[in-house]
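I have a structure here, written as structure tokens, and I will follow up with some questions on it.
Letters A, B, C and D name the chains as they come in the text, with residue numbers starting at 1 for each one.
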Amino acid sequence: MRNAIVSLIAIILGLIAGGILMLFIGSNPLEGYMYLLQGAFMTTKRIGDTLATATPLIFTGLSVAFAFRTGLFNIGASGQMLIGGLCASAVGLTYDFSRPVLLLAMIAAGILGGALWAFLPGLLKAKFNVHEVVATIMMNWIAYWTVYYVVPGYFKGEFLETESKKLPEKATLKVQFLTDMFDGSYINLGIFLGIISVVIIAFIINKTTLGFELKAVGFNRHAAEYAGMRVNRNIILSMVISGALAGLGGVAMYTGNASSIQIGILPFQGYDGIAVALLGNNTPFGVFFAAILFGILYSGTGFMNAMTEIPPELANTIIAIIIYFAATSVLIHRLVNKFWKRGSEGNVNDVPAAKKGEA
Amino acid sequence: MSYVVEMLNIRKEFPGIVANDNISLSLKTGEIHALLGENGAGKSTLMGVLFGMYQPEKGVIKVRGEEVRITNPNVATRLGIGMVHQHFKLVDNFTVTENIILGSEPIKGLVIDIDSAAKRIEELSKSYGLNVDPHAKIEDISVGMQQRVEILKMLYREAEVLIFDEPTAVLTPSEIDELMKIMRNLINEGKSIIIITHKLKEIKAVADRCTVIRRGKSIGTVDVAETSTEQLAEMMVGRHVSFKVDKKESTPGDVVLKIDSLSVKNNRKVLALKDFSLEVRAGEIVGIAGVDGNGQTELVEAITGLRKADSGSVKLNGEEIIALPIRDRIEKGIGHIPEDRQKRGLVLDYTLESNMVLEVYNKKPFAKYGLLNEQEMKKYANNILENFDVRSGKGGASITRTLSGGNQQKAIIGREIELNPKLLIAVQPTRGLDVGSIEYIHKRLIEHRDKGNAVLLVSLELDEVLQLSDRIAAINNGELIGVVNASETNENEVGLMMAGVNKERNV
Amino acid sequence: MWTIIEQIFPYAIAFTIPLLITALGGLFSERSGVVNIGLEGLMVIGAFSSALTVHYLNDKWASHTMVLWAGLFAAIVAGILFAALHAFASINLSANQIISGTAINLIATALTIFLARNMTGSGNIRVSGFSPKTIHGVADIPVIGPLFFTKTYPTTWFILIILFASTFILYKMKFGLRLRSCGEFPQAAEAAGINVRRIRYAGVLISGAFAGLGGAIIILTYAGEFTGTVSGLGFLALASLIFGQWRPLGILAATFFFGFASTIANVSQVIPELSVIPPILLKIFPYVVTLIALVVFSKSSQAPKAVGEPFDSAKR
Amino acid sequence: GGKEDASTNNGGGDKKKNDLKVGMVTDAGTIDDKSFNQGTWEGILKAKDELGVQTKYLKPSGTTEADYLKEIGNLYDAGYKFIVTPGFKFETAVFKAQDNYKDAKFVIIDGNPHSGDFNPVVKENTVSIFFAEHQAGFLAGVATALELKEGEAGFIGGMEIPPVQKFNWGFQQGIKYANENMGTKIGMKKENFIYQGSFDNVAAGGQIAASMFDRGVNVIHAAAGGVGVGAIKEAVNRVKAGENVWIVGVDVDQYEDGKYDGDKSVILTSAVKNIDQSAFDMIKDELDGKFQGGKTLMFDAKNDGVGITAENPNLSDDTSSKVKEVYEKVKSGEIEVKSEQGDLFK
């Protein structure tokens, strides 16, 4: 609860800072934010688009948060997304199953791809104590080049060299009832997958023995070992689950929001996932709301730009400032504690201090 | 009479607790002054105030008669106050010299003048009989030598007042003797010393006066020579404490643990345990006596599964367990009170509740089909916490990190005994605990034995081994030197065996 | 093959130098105990400030080399200012250092483009930087000459001097000893009377200065244009820091490896001898080798023990 | 199709304010890319200056159809109902937008709206524009060959996408033409005609150019955005060090980008396509009530939509006049430049 308030204050401070920037370039902040909200919510279609924009972020946020909770820093969500998207697209472009079967196969392929891409860093961490930050950065670039060469090599569109062949209608997560309900928005089944994942991950972390073990390993792998938990298996498993979530994000991104896989781009959603996780305090539901917030910012900013003289770069600046305020939330915590004296000091972050080289 | 340090009416608060409430302590020039109190009584805090790590809310500090404000450790150092902390403040991969000069480095031109520093350290080391190699790396030297490095650090800075916070908790008996000797040397050279220790015997051995505090309040200062250990203990705890461990004669049953020709390598890939054989029977406590670093850690880790054995066999109730995973060994009835409670024993960021089920969270009734049952966990945990008098701010919901060391230790012991293991391995179970807690824990260990379980006790404190054990196995350089009956031996004999002298009197 | 190496070498070095100085900055930060994942953002900041400075000063003192050095200086200052944000968060507020670094990355990339557009009217700032020079005389020495003294930039020598100075400072001087102690065991440093926070500030600010310099060198040597990104080189520098085992010469080796491998991969298409190798293999080669090397070195990790841990003197 | 009225003299000074709001959505890369984004935007700005329209560009957060559609929607909802989109990546987005926003007008440059099946569907509210990049490349090739007489040529492309490929193929044909008909001796080797694979890797651009120069190439046609920037920089360094190398620019007159020692430049010539003009013309048509909805327009030599830079001190008068002759032949169709690879390098 208190953490939520702190996040909220961070958001408000970020918005205020953004407002000051708007003043600085001679625009009216209130007007700007009004258009931003209109841009995100004005029509059902826009609401749908906002949700769709948030969807990949839900997954990458969850992915990073899950790893964080188990003491790992997965900076490789971008690469895992790419590979997840690639695998799902490959299935979608290759097979001609009935739609439900095809979609399930694609989702499974995406999960597998993301999981595989995170498995290796997990394995290296567990067996050789290779720091996962470096390993996942390397895997990002390997993913980038893999997609770069595999897509034109095997799934090349007729002319296009910057993305794969377009997926057939039935091999995408877009469904008619959603499109209709949201008035032609590109919202798709991904949002449901996202919500389901949030619930499942929350459940795993808080209610299961698996979550108990993973968190224990994250906080203190020596104690976990002492207590008979299989530390290496848990580290790998944690990375695999984290990667699977990012892979699902890739499915949502490339077969839901888009219908082809892009090459030459590491999806920025992977890095934003770090911010989303942080703002959501590494709790699944927190991640969900943080992702929606990012969705609003990304989705509303275009309309704000169109209606005012505020340049497009400002939305990113605001997001960045919000993250900084969230990172320095200790300060906010102290203030909140001052006004809200009750019990002892709250836990600032539910995250073990990330350590390098050693674990 | 001349006081070198006077701390008058010191008050220090932490959020939610008054750690020092109107405490006074005066140190005479040339005396060894002991500071005694239960775990969490506020001793470390008081010394922290003197050393400038904490600012007191109230009170006055005088050094050599003059009122001073010690705002940080540098001020303390300038005033000639030095401190050896409870946990050593040494950088592992630095050399002795680098550690000592850190913060007051001698400079020649642009660079640190390591050579002249090393020379000066060598001289200091010689003149106080400290025997320290200035070029050795900290990670390569023994704990005892590390402590002497800490002492050298103070001497190098020309400290007049030396504070020792529980200096003996990590030392072997012979190292303790040596430390006492060094302390007397220091006094002879005109230094004054404050020592915090839970071991009344040591206070009797070296201290001139003793200040006792309880729950943050001064109880009084006494002349050590005129006060018995019983009186000291009573002042400290507020009730009578029995030092005698009450125990019946053991009635050994079947062999529970049978170790046969066990060899284990240490982290440096050298055999640290060699061809070790030992039996522990139901209903008896076998104590391992030995100086730190003689293979105890490797022995325990091989039995519990934390370390792979090189060769040999370990049988539990007749069943080979040498290759079993840790969890299987726990399930087959091994309980383990680990040496390093913060590294191994606890997930400090978990609640106490979670820590209390650390080994059984996946068993009924705490879990069903992989789902946790928090109600049951709570019930189980609170029962342990109550039984073992684990004190914390929010009971089972407290984050374990916020507990004092002593209470963390009690929680672990409670958890392990509650598992009711057929074999309980207790490593240094009372390290750093006050006498009241020690008494209680000893009682529980014996109770556990009396229920017909085997207990393997590993302790660096010979007293504890002698008092608790039914049989004593001495270990030296990874080898079993001999096994003796506790009732038929004495400190001298076991001490000799620990030094590697075999008396061929195996039982 | 030798001629190919001779031809490629100067370019590999040019590519290596920004990585090297940035990783060296990371070294100072991490050795003081603060993880700095914001190197990428700090590079961007440096790139931006140098481009902006050169852009403006060029109007006054057109194509004077002093303008370029002024650009480098501006990058150092800006890097320090931004690193101060990270230092404040992670040292004064004990914030999670990785998160604070991530925030730096986000702020840097967003804000620089925003400012570039507002100040110069374009998100891209084009400048003319240093020209590579062949040092006549030494360039004729066999083997070494063509490799090291052909087409070199003055900044290359400047950074190499910083590298050796850093080694000296870290291992021979008072500051280095104190810095390392703060990264290994800050409680020990504090007990020895060292102001851990101040040292950590120094470490983080140096990383800002160096990373800023790294970003500026990219612009003022091989890139020539600020475009709002340094395309992941900051992260690569971080990887090199770990690959180089937190040691200056290790970092030199690691960054040069990256520089050389990626240059080879880049030019492979043009070189018939290399174009038989599938390009994907060449592209992923540096990353795969890094992973393998990390596995090989994993047993002897030299990571500063306290890196990433907020230092709170009250906590024991 | 062709375009009848694309003359460059569009009644300047027509400063009257009007309420046409012209919006643009940028493709991957920024508005300052010195390429199609910037070119398009400059055309729109010219319309703002000369015709008094209101303007706005939006930058999508990604490069998917959904990202593009979102920004098109934003422009539309903000009243910008004349929307210009540069790049073939907008093809499917515009395909949808032209149905969704029937009262808006769309201009798509370098592309044709289609549903993903590459069957162009240009609705009444859309104009699609193509350029004959191969002709520009051809003329640049001829100019290069004529000016240098002998030597070795190379090509660095960004991504292997149609407009870039066409520059490449045209360039090769131009050199061949000059070699066969005008007595020049410019060599071409397969390995010197490559696509770097991105539009932003400046370092790679410099390194590749260096390798080519080291292997005897002395003129490179760079059609590669930032990668080309790296190549130009490398050429400048070499020229300053006394080597004799050249770059042939792309899209716009890149003379300025290759400047050194005051007014000299390594840009021998640039193969240009008048994107800005095309954008301007479309806006002008709309204001004049002559919007050519439903048409696919080709900007080529015939309507002066492509060519090489009119003025470049690096080209001798002789070369310029000869190129002009060739230009006329291309215009008249006497010389036919192919827009397919055929037996050319990549």
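For this structure, a couple of remarks:
One rule holds in what follows: contacts are C-beta pairs under 8 Å (C-beta built on N, C-alpha and C of every residue); 3 or more make two chains touch, one makes a residue touch a chain.
Everything numeric in this text was worked out from a predicted model, so none of it was measured.
The chain with its C-alpha centre at the largest distance from the centre of subunit B is D.
Each chain gets one centre point, the mean of its Cα atoms, and the points for subunit A and subunit B are 46 Å apart.
Separating the centre of subunit A from that of subunit C, both taken as means of CA atoms, is a distance of 28 Å. Look at where the CA atoms of subunit A average out and do the same for subunit D: the two points lie 37 Å apart.
In subunit C, the positions touching at least two other chains are 113, 123, 305.
Chain pairs that touch one another, listed by label: A-B, A-C, A-D, B-C, C-D. Those residues of subunit D that touch subunit A in the shared complex are 23, 28, 56, 58-66, 69-71, 73-75, 77-78, 80, 88-89, 92, 100, 116, 118, 159-162, 197-198.
Residue ranges of subunit B in contact with subunit C, taken from their complex: 53-54, 72-74, 77, 83, 85, 87, 89-94, 98-99, 101-105, 107, 110-112, 153. Listed in rising order, the residues of subunit D touching subunit C in the complex are 30-34, 191-192, 194, 196, 200-204, 206-208, 210-212, 214-215, 226, 229-230, 233, 236-237, 240-241, 257, 259-260. Only residues 207-213, 215-216, 219-220, 222-230, 343-345, 347, 352 of subunit A touch subunit B when the two sit together in their complex. Partner subunit A is touched in their complex by these residues of subunit C: 30, 35, 37, 85, 88-89, 93-100, 102-111, 113-114, 117-118, 123, 232, 235-236, 238-239, 242-243, 246, 278-280, 283-284, 287-288, 290-291, 294-295, 298-299, 301-305, 307-310.
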